[in-house]
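So, here come the structures, one by one.
Same chain, two partners: chain A is paired with chain B first, then with chain C.
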Partner chain A sequence: MTTPAPSPAAAAGAPGQGPALAPVLAVDDLHVRFRTDDGHVHAVNGVTFEVRPGESLALVGESGCGKSVTSMTILRLLPSPPTEVPKGTIRYRGDDLLRLSNRQMRRVRGGKVAMIFQDPMTSLNPFLRVGRQLTEAIELHLGLRGAAARARAVEALREVGIPGPETRVDAYPHELSGGMRQRVMIAMALVTGPDLLIADEPTTALDVTIQAQILDLMRRLQRERGMSMILITHDLAVVAGMCTRVVVMYAGRIVEEAPVDDLFDDPRHPYTLALLESVPRLDAALGRRLRPIEGLPPKLTEPPVGCSFAPRCRFVLDRCRTETPWLEPDADGRLRACFVPLRRGRPLAPAGGPAGAGPAAEGAGGST
Partner chain B sequence: MSDFERVAAAASAVAPPLLEVTDLEMHFPKHEGVFVRREVARVRAVNGVSFTLRPGETLGLVGESGCGKSTLARAVLQLHRPTGGSVRFKGQELTRLSGEALRHVRRDLQMIFQDPYASLDPRWTIGQIVAEPLLNFGRPSRDELRARVRALMLTVGLDPDWVERYPHEFSGGQRQRIGVARALALEPQVIFCDEPVSALDVSIQAQIINLLEELQQRLQLAYVFIAHDLAVVRHLSHRIAIMYLGRIVETAGRDAIVERTRHPYARALLSAVPIPDPKLERTRERVLLEGNLPSPTEAREGCDFASRCPLRKTIGASDAERCLRERPPLVPAKDDANHLVACHHVS
Partner chain C sequence: MGRYLLRRVIQVPIVLWILVTATFFLMRYTPGGPFDMDKQVDPAVKAQMEAKYNLDKPMPVQYGLFLWDLVRLDLGPSFKNKTMTVNEIIAAKAPASAVLGLYAVVIALVLGLGAGVVAGVRQNSVFDYGSMTVAMVGLAVPTFVVGPLLALVFGIYLGWLPVAGYEGMDGLRYLVLPAFTLALPFAARIARLARAGMLEVIHQDYIRTAWAKGLSEQVVVLRHALRGAMLPVVSFLGPAVAQILTGSLVVEQIFGIPGIGREFVQGATNRDYTLVMGTVILFGVLLVGFNLLVDILYGFLDPRIRYA
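Entry: the complex of A and B
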């Protein structure tokens, strides 16, 4: 990973509302790009957010929005030749993770900050028994050896609800079902007692009843340990049941950040609104057509000019194509990166606002 | 019964079924031995499934991995030859057809697959892919073929000038449209959709769902829609069948099955589906299932769900014993003839 140029006091961004305790993690103006034969891919373009003690924060967005790249960059898991971090800081309890030595970073990674991934089979070593994979972390981070390490591994498996942990500790990953493997991965992540867990689509590959079990387990463990969590997902329904605060990403930028109830009640960014309108709900009275988002997300090979969502936005204004909206509080203090004042799915009537292209057609008769 | 269901029921009362599947069974033998191969087990993927499908209707098939929903589709289409039961399409028995006769029936029964990246040949142009079924069944002239391919591309919302392009030039959603155009080429009456939107991002997923709805209305297509996402299935289906271990455990109109769920497995499944509403999620009760799916190679006399059934704790010992001994048949509920459930203890 490249060492970024020191970026002095980039505290201009607007952090979340409320005084709160010192954040566990603070990401500030993070930029990540990949060098390719066709030039740079700008995967993350100025992302700022923080994770507070004991909270679960969702990073939500579709493929390619930069949510996983952000999380992988936090733990410095992306290989350095193609990946560059030209700008930004990632402070974990005050230390900038981007400036730690590899040796220091190894102590953080899997120690105080742990991560679980979508596909347990790619994270578990198929040649090693489950117990060995657990004791590796136990030896490295907790300094236990031999029988003590093994006993701790059994205990960790029991804690995540694996039946017969004394025997399963000797199983190979392929001998376990998908849900059990995901439990093993959670056990591995939590055995060192991290205070921040990053979960990247932890249940996407699982069946819905198994997903319910795993989410239930994560909720319980988080509460018991008072741990902070970043949940990375494309699934808004999962977010609704798991998180307290939500960061919505699109094309490498944050477009909205809000407490979970506010976001689902009254989204303030057109992309968030469009996402919520495009998914069918199990409980919804039907008959209505879904409202898809027309078009495709932008290519990230060019640094974006203006709002990245403008070409697909039904409320687009002229200035959206030339000026970049940054994440700022609106009149109610809600954070969104948009020039259109959105209330309950409609733009506010432009009260003597900028003339010219008013908010597009359908908002016309609408008031709050 | 909602208006929607009333309309569907009224429509189905007039039209004779297009497809009638009765007691369909698809077992795969498992062999072992190097020199003398002998059958050591049977994977009972589909175990006596019956359903009907009427013109213009969508039947949603849901269930978790390994419940047999995809195998069921393949057995109905005779892509696997069923080991038992019958499949009648417009009165004709498909399980006994072969060769040219079967090929001909397949014009009317098409399929759309989950992975739009894997189901299109990367070396063929879009025009060739969409034209292939037309060339398989007839000798259209060059001009006829061109016109037909262009019309099909317009139907699914693709620019007809893209015929010379290759699959890699398209996004996932556009590729799924190509798959739909190919399936429509022979003007089928039934399309089996096997997880057609599962690989797509949500904003794109809605585009394909709307396309399938439009096509159904315009062309009177009947769909068998297979998916694990119950919200999507409820949105698209008129009737829904929930499968567990190769059997249908409950089937009803799409609103009835969600709002008046009866089978204990169906209840657990539906309660596990997350809903994008944080206030609702905080108050919902979840039925968490214990254990895993039992092995599909075991033959059981009783209910397949008995080992994990949450009702086991509330019913008496003799009732619980009955579940292990006697398989509950799929029968209409007492108060709703259109709502079928396979359980001794609810109805």
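Entry: the complex of A and C
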């Protein structure tokens, strides 16, 4: 473990030296399914996105949309029966993670790509001292041992704002509060100096005040290190404060991808629109009612035919039920997977169908 | 921890007293006495013998005398074995049972933990199904079948090991078959408990965290999963070890081991009051002692447990 990493790291170094625009991570046409007694569950169906150096990308969607499965698949953390990845590539600095040997993969995990999980109460080992859980990562990826590893652990705890790190390093997880534990998780993930951090709902299990502290901490550390981040969440408020670009997922597919401001100002997919209308906003007009999304997400036991959101969509067209819309740029170059040209919450005059709300003039008059 | 320990140690004599008292009265009020023989005994002789062992006194007096002897660690004379006291019988027979038991405990732990942990980590594998089938058989087939079968195969057909006998601690050849026979059902229980524990722990979030750090499977299992998976096994071990060490009538009978298990059963059928009391007390002390040990061990295994 102390010897410098040979092939995969060396190979990864080469493309990384190029211009900063080369993506850190590129997921291409990823499919993930689970084998069950009742057939396959198609959790992720052709997901494509990339993470650029230093950027923080949000992966947004409701429970079961495949955002966590996608992130776990990046680190190959899902057990292999029942999980299958029939198609797709996940390139980290050029190497396809899905094709690395287990040994090579272990160097990426924790060392190059680190992960923070949702529930800090259960994500730390209750039987081991906090310090040990940090030093094992330090020993493995940084090659430090004994006192040096411990000193590095204390430093890492200090960096995430844990008071009295010299004594807390010997604490057991149950002796710390939820917020402190999530700080420990962050310290543990970042102590090896990864260049990509995947945070899977890192604040969902925490109090609102603690949430803000943890998000501040993550934002600060990410900036200081120039690290890339994938933030998985269903909380749009968190997205607005943390991320530069957003990928919206629904039923195992990406329905929209946009810079964060564009997405909030002018969502181009009906699901994104519905999502935004279902949460309160301070900048919204007074008296605007929250609008729940009717119905339920589809079962994923069959590969969906047509648009998965069609049964719940208020702008649905006939072709939505038979033809699958893929993620493509619309007339303005915005990426969305939808046949309905949406502008500021209203569909433009449809190109070839009789359905539709009305002419563009009406759309302009009644915006927001 | 200190105060908890003190309280637990104080509990020990109380538990033992309850055990001893219950056994005493159960034994005395069971029909038949130590001097009821198949053939008619002269009533005068019988009365004389009962007087010698204080059996003519009222029950509370007998109980008092018994307790008084007990606190001086004198278990009294055996009613049947005229040449030996109960203390002497235990001193003579318990070591063989303990030696056999010790080997059996080691075998049960090694086999049970090894099979259980691997079966849990490789759930639904061939090894998992195979070892759990063997464990089911180990639990279901009684010792008096397994013992003679092993003796037949390894002692007679293959001739590798002696069929019966006891040569002390160093006569390892003599102990292999009985120790295996004695260990098998315990190994099976331990394997099933360890597997269940492993399955529960291996799906915990913190195991996923360990994987996400890039640790190898060996480290994930041994450093992160094993401790939690061991907890159910440890609580089973308390009573199990006490039971194994005090011997088994069946195994001792089959393999001709001069152990205490035999004395226990013979004492009960002969209404040898003092011998039964002695063996019950021995078992009780071991049981209470090992349970105390397990509780202390728990505190070391799981830092969340606080003794207050």
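Just so we're on the same page, the second predicted complex is superposed on the first by the 322 of 368 C-alpha atoms of A that agree within 3 Å, B and C clash if a C-alpha of one lies under 4 Å from a C-alpha of the other, contacts with A are read in each partner's own complex, and residues count from 1 in each chain.
Just so we're on the same page, a residue touches a chain if its C-beta (ideal position, glycine included) is under 8 Å from a C-beta of that chain, and two chains touch if they have at least 3 such contacts.
Fair warning: this is a prediction, and the values are worked out from it, not measured in the lab.
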- Task: Record, for the superposition on chain A, whether partners chain B and chain C clash or fit.
- Result: fit
- In the overlay, answer first, second, both or neither for which of chain B and chain C A:Gly111 touches. second
- Which partner does A:Ala147 reach: the first (chain B), the second (chain C), both, or neither? neither
- Identify which of chain B and chain C touches the larger number of residues of chain A. B
- Touching A:Gly179, do we find chain B (first), chain C (second), both, or neither? first
- Who does A:Leu75 touch here: chain B (first), chain C (second), both, or neither? second
- Which of the two partners, first being chain B and second being chain C, lies in contact with A:Glu136: first, second, both, or neither? second
- Item | Which of chain B and chain C A:Ala331 touches, first, second, both or neither | neither
- Note on the structure: Once superposed, chain B sits from chain C at a minimum Cα distance (Å) of 8
- Which chain A residues contact chain B in one complex and chain C in the other? none
- Along chain A, where are the residues that touch chain B in the complex? 62-63, 177, 179-180, 207-213, 215-216, 234-241, 260-261, 264, 274-276, 278-284, 286-287, 289-294, 296
- Contact residues on chain A for chain C in the complex? 75, 77, 81, 106-111, 114-115, 117, 119, 122-128, 136-137, 140-141, 172, 174, 185, 188
- Task: Name, in rising order, each residue of chain B that touches chain A in their complex.
- Result: 4, 64-65, 171, 173, 201-207, 209-210, 213, 228, 230-232, 234-235, 254-255, 258, 268-282, 286, 288-289, 292
- Which chain C residues qualify as touching chain A in the complex? 124, 204-206, 208-216, 219, 223-224, 227-228, 301-304
